[in-house]
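Each of the two complexes below includes chain A, the first together with chain B, the second together with chain C.
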Partner chain A sequence: MPSKNMTFEPNANKDFFSKLNLFVQTHTALMAVIIAAILYIITIIINPKGMNTVAIGNIILLTVILSIPAAGQTMVLISGGMDFSVGAIMSATAVLTTYTMKGENGHFLTVLIISLAIGAFVGFLNGVCCVKIGLPAMIVTMAISNIVTRMQYILTQGVLSGKASPLFSSTVKFKLFGVVPHIVVYALIIWPIVFYLLKRSRFGKQLYMVGNNANAARLNGVRVTKIQVLSYVFSGMLAAFAGMLGAAYMSTARCQIFDDYAYQSLIAVIIGGTTFAGGSGSYEGSIAGSLVMILLSNLLTTLNPTQPVRNVLNAAILILLLVLYNRGKAVRQ
Partner chain B sequence: MKFRKISAAVIAGAMILAFAGTAMAGDAAAKPLKLASHNAVVEGNPYRVRYELDMQEAAADAINYGYEVSYNSFVANWDQSTETQQLQNSINEGYDIIVNDPVATTGLDPIIEAAQDAGIIYINADCAYMSTDVNVLNILTDQEYLGYKTGLYAGEVLGEGAKVVMIAALEGNQANTDRQRGFEKAMAEYNMEVVASGNHDWDTTKSQQTMAEILNSGVEFDGVLVSQCAENAFEAFDAAGVAYPGFIGFGDTGAYMQKMLEVNKDQVVTPYIVLSNPPGVGATAFNFALNLYEGKELKEGIFAEGFEDTHQIWIKSKVCYTDKDVAAGTQIDGMSIEEYANSYEAGDSISFWLTKDEVAEQYFK
Partner chain C sequence: MKESFARFRRKPAFTGCMLFLVVLILNIGIQGWSTCLSNGVSVGNILSFFQPSALKSIFMTNLPFILVTVGQALLLLVGQMDVSIGVQIALVNVICIMVPQEWGVPVWVGWIIAMLAAFGISALCGACCAVLRLPALLASYALTYLVNGINVLIMNVPQGSVPKAYWKPYQSTLFGLIGGKDAPQFLKFLDYIPVPALVLAAVLLIWYFISRRPFGKHIYAVGTSQRNAFAAGISPVKVQMKAFLIKGFFVGVAGICLTLMSASGNPLQCEEYGIKSLSAAIIGGMGWGGWGSISCGVFGGGFLVLIQNTVYYFFTLLSKIFVGFSVTSYWQNFVSDIIIFGGLLMTIVTAKEQRKTLQQGLKAQFRRGEKYAK
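Presenting the complex of A and B:
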């Protein structure tokens, strides 16, 4: 009589993998944290000196900056859209920040109000074009980001000018106890607001409903257009604020300085478990995804490959992560 | 009263006619010339923005030599087929001078020959065009010198066997290759060791991020060799809250010059070097073209050693100073270094270009 173990082993393996698959699919944010931890452990194994307060402070700082445009991107993706203009908005407000502050304290409020207004306006334009007019989100947001970029050149003639104020820079860069950068204070304000918006507010609940099934949401009395346009407006405003923080971190800002953040934030959000299909995802996942992005870049610097090899490795790892994490099926409309 | 009014009107009319006549006579004296400036990229690159602004200044300055230059700029956005198409259009539209900062080091032979057959003065500027099958003049900044000079000063300051971080510019770019050759030559002379490296691709954000990640790695080093974008690499030390390095260089922007003056105000904390990689090299190339247009001949032996077959003329960096020059009270263009540094906007690079007469004197028979 064959052993029971032999008979059931394949099924046991299958069971294990299906459970693992289910765990990965249902705990995407946790998985992003695990990946981040693995990346950091590999970095430390390769270079034990990599575990130091400077590194921890820098990682926190860069993760916070990336997590802010990622918040807006998360909202847009949950609603079923996509926003490629966050990088251009960040660059525009970074340029505006240095151009207006000119290295002098006392302009923060002016810059904040103008930046948020710019972000809201660009987000509104994105929303109207994508949702109201029904143009493809990817093309519209890219086209609008192009306009935002051209506006930077009109303002500056392409010449880098001005500097972030010393006080504002210190609120981002200086470190508490030599480890925790002051930017954490901004995170402690913005992160809870985003969590509230997504998890507790009516807007958040309607956002998930719209992303899951826009028709069903509409039949339930949700003003789908308004919710989707609002997600773009929030995305624009968050990107605008992230641009200001970026300018404080860099001190100076040239045109298009943060354009790459459009892709980085999108990838961070997807690694964090928010899918292109819409209707699912979380901000904690996006923060963890941002951490993965920063730690991956850190690891590649530690490995010290040549630039082309670094680019190939970076792309290959990101594609692998995207394949693993963006396999959620779209909900039937 | 009426007579006075009529007299005043007549005098005013006569003055207007006289001014108009003078202006027209002036215009008639200036020879019209069409200049096409082709560039691989402009937007997003402060160096190339300044390159085009300097070119415009040089074109306007040509009026002093009897030329009324109409200037047009064409940008290929790193696409060689667009570049070829734009160059062909310039040939068709009868430009007299084409100055090209090329997308790639080869691939334009037929179009260069077509321009030269059409009697156009075609000059390559800033980035080398390496084909030996066409006779094209390359007007370039001496990039090897920038790397070598920086490396030498680093060696002088840090001493024999120092450990350094090397942040290069863009892998595969000719200017970067030449610069790295200079850096490596100097590093070999002082037996310096590169303990960490990266590329910033001339991207300020990347320069800061690369330096931040190298600091994260905990690697110990004495100084930082960086191929421009030094102000951003230096900013990473501020952001990380760590001690400044024992050396940094080279940089060439207002932000870098001002920051280093501020850091070393009371005592030398971080020795540094400022070197100009002038965007005005395009404007200098235009003045080579003007001399060639007048039929002048180049002097013998002016091509860079080892690059005679590609007709490369390397313009030396005109502005070069270190912290020692600041302490010694050295002057640049009749200004103290502090005044000179503060005369630049944060992101503006040090620039200069040789006038038509200077080019004629130094490089033509």
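Presenting the complex of A and C:
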């Protein structure tokens, strides 16, 4: 439970809203689950047919895919940075996957190794430029993701090419008992690793220390730059793997297919209670935040407005969520 | 002379100015060389960058982007930003076209409504970022969706036109404006001044007068530390809102220029300007809040524009030298993006210089010794 900013002032006239505010601030992961539940109930009230096994399976599948780049984003945000190249890395590995597999089985290991290498390299580049050289994280990761995007176009010449292998596709899409998609197996591998990294490992403890106060961490003997660069590298590798899974889900991949995931994962992580300031946050919150993002787009699909109205609604809900969660401190206190 | 150069080196715009000059020289050289190879060597070809038509087209097509970068630089000064700035100029474009077309009012009425819309959407973004204190990046990203939706609601497919009487003056030079061939020949040198350059000069002049007011100082105070500014009696919210409204003015002018440039409407254009203008402003030498100046925005925007131009001519040159060499535009984009990234890295080297001079300035404040008397 993140216990940041808990202020126990002797406040006699605590009204409902300040209590709610305190609850939101202290139970972010739980709150995200509640919001997700509300969104899902609204969806079902609007369209009772929406509660079928196919829809639920798809929600699980998309949530798992989003939760993987969100894991990397969580690490980077905890260390006090920001990673915008997640979307571009996902698109790049998705394009690479379909381009290399060409609809044949037996290329999985090659693709996995190349993808992870690309992810790690781009993450390393991000980390070095942001941490060692000291450029603003947002700008650098955007500039690098632009370059990654251009490389996709050079590889494919802008046309759809190749297909994910049928075996790999089925390991993602095949539904157990018609409900639970097989991608859950991947999640069962990745989620525990991330939880271990963040909660139990030396790296995780040092990550929180660095995010809270980099100077204090350095004085305690933590190698600050190493930890921060590592967080970017992990983020890149996780995004690369998510891109492969995404390619398996979509079967074909055009360039820039997953670019939206950069912002999606960032907002999911923030809904989950990780702050821009660094030093606080949890992965369970990020998973819940991913669920909120997916259910939100599910709700908008159910309402079935035209695309522009959908955009406007999306903006309104995003701003509402931001107002609930991420307001800065007032100057006058 | 030496002293004034030293003073200039301490300015925030030094980085951007140097990068801009380097690219300008590169561009002149490569463009000239490329033209030489096709038309034979002569003085006119070597300096083909300075031909009136070339100057005109480079100003005409890129003025909206430069204005947007200037607006973004202003927001960075007060410690905010706006990623939705690109779709906002598309909004202005759409309103400029649709209001006269649907309601039958004169074109200039449409322009006024479009300017008001630009102010309105900027005020909305300011309300989210400054009043509600949302993180500027995420809030303005959400607004991108909103403005995009509004654009398509107003105009669903690219359409419309602008009367020739309006776009003709914008797309000509000053010499063409005062009468073209009928004008006296001794004014021929005015051919080298495109009208879009005059628009840019006018906008910068307006900014110059605004920055002479106390507001010009308040921007730096609020950008450096909101708390300290508040303690000094400056309202951070008011200053930031004012900055957003002035950015609305820049966006409005940029949108009208875009309309005159394309003489038609497109609801889904320029979305990438939001992010591109941010990196342009950083390349120009802006810091996050309280460091930099508007000229940083101008130089950074100019740098990005010239880079794309140079890379285009570089590849034409290559295809002329090596017969049979041809690449797709994807390679051109790739190379220019790598150069932009290199430009970002370059700012470190120069920013270090600036940090050093900043520290020296601080020392001079403390010691006031003869060593730092300058």
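Going forward, the second predicted complex is superposed on the first by the 308 of 333 C-alpha atoms of A that agree within 3 Å, B and C clash if a C-alpha of one lies under 4 Å from a C-alpha of the other, contacts with A are read in each partner's own complex, and residues count from 1 in each chain.
Please note the rule applied: a residue touches a chain if its C-beta (ideal position, glycine included) is under 8 Å from a C-beta of that chain, and two chains touch if they have at least 3 such contacts.
The shown structure was predicted, so the numbers you read here are calculated from the model rather than taken from an experiment.
K.L.:
Based on the superposed arrangement around chain A, label chain B with chain C as either clash or fit.
P.N.:
Once chain A is superposed (C-alpha atoms), there is a clash between chain B and chain C.
K.L.:
Please indicate which partner A:Pro308 is in contact with in the superposed arrangement: first for chain B, second for chain C, both, or neither.
P.N.:
Both: A:Pro308 reaches chain B and chain C.
K.L.:
Just checking: does A:Tyr153 make contact with chain B only, chain C only, both, or neither of them? Give me first, second, both or neither.
P.N.:
both
K.L.:
Is A:Met142 in contact with chain B, with chain C, with both, or with neither (first, second, both, neither)?
P.N.:
Second partner only, chain C.
K.L.:
Taking the superposition on A as described, I'd like to know which of chain B and chain C A:Phe258 touches: first, second, both or neither.
P.N.:
first
K.L.:
According to the stated criteria, A:Met90 is in contact with first (chain B), second (chain C), both, or neither; which is it?
P.N.:
neither
K.L.:
Of the partners chain B and chain C, which touch A:Val194 in the superposed model: first, second, both, neither?
P.N.:
neither
K.L.:
Output check: A:Phe276 vs chain B and chain C. Expected answer is one of first, second, both, neither. What do you get?
P.N.:
A:Phe276 sits against chain C, while chain B stays out of touch.
K.L.:
Just which bits of chain A does chain B share with chain C as contact spots?
P.N.:
153, 157-158, 307-308
K.L.:
For a test of understanding, state which residues of chain A touch chain C in their complex under the given definition.
P.N.:
Listed in rising order, the residues are 129, 133-136, 138-140, 142-144, 146-147, 150-151, 153-154, 157-158, 263, 266-267, 270, 276, 307-312, 314-316, 318-319, 322-323, 326-332.
K.L.:
Going by the contact rule at the top, pick out the chain C residues touching chain A in the complex.
P.N.:
Its residues touching chain A are 128, 132-135, 137-139, 141-146, 148-153, 226-227, 230, 236, 275, 278-279, 282, 288, 328, 330-331, 333-334, 337-338, 340-341, 344-345, 347-348.
K.L.:
Taking the complex as given, what residues does chain A use to touch chain B?
P.N.:
Of all residues in chain A, those touching chain B are 47, 49-52, 54-55, 57-59, 61-62, 98, 149, 153, 157-163, 173-175, 178, 181, 249-252, 254-258, 260, 297-298, 301-302, 304, 306-308.
K.L.:
Could you please specify the touching residues of chain B with respect to chain A in the complex?
P.N.:
42-46, 49-50, 171, 196-199, 201, 204-205, 208-210, 212-220, 231-232, 235, 238-242, 253, 255, 345-348
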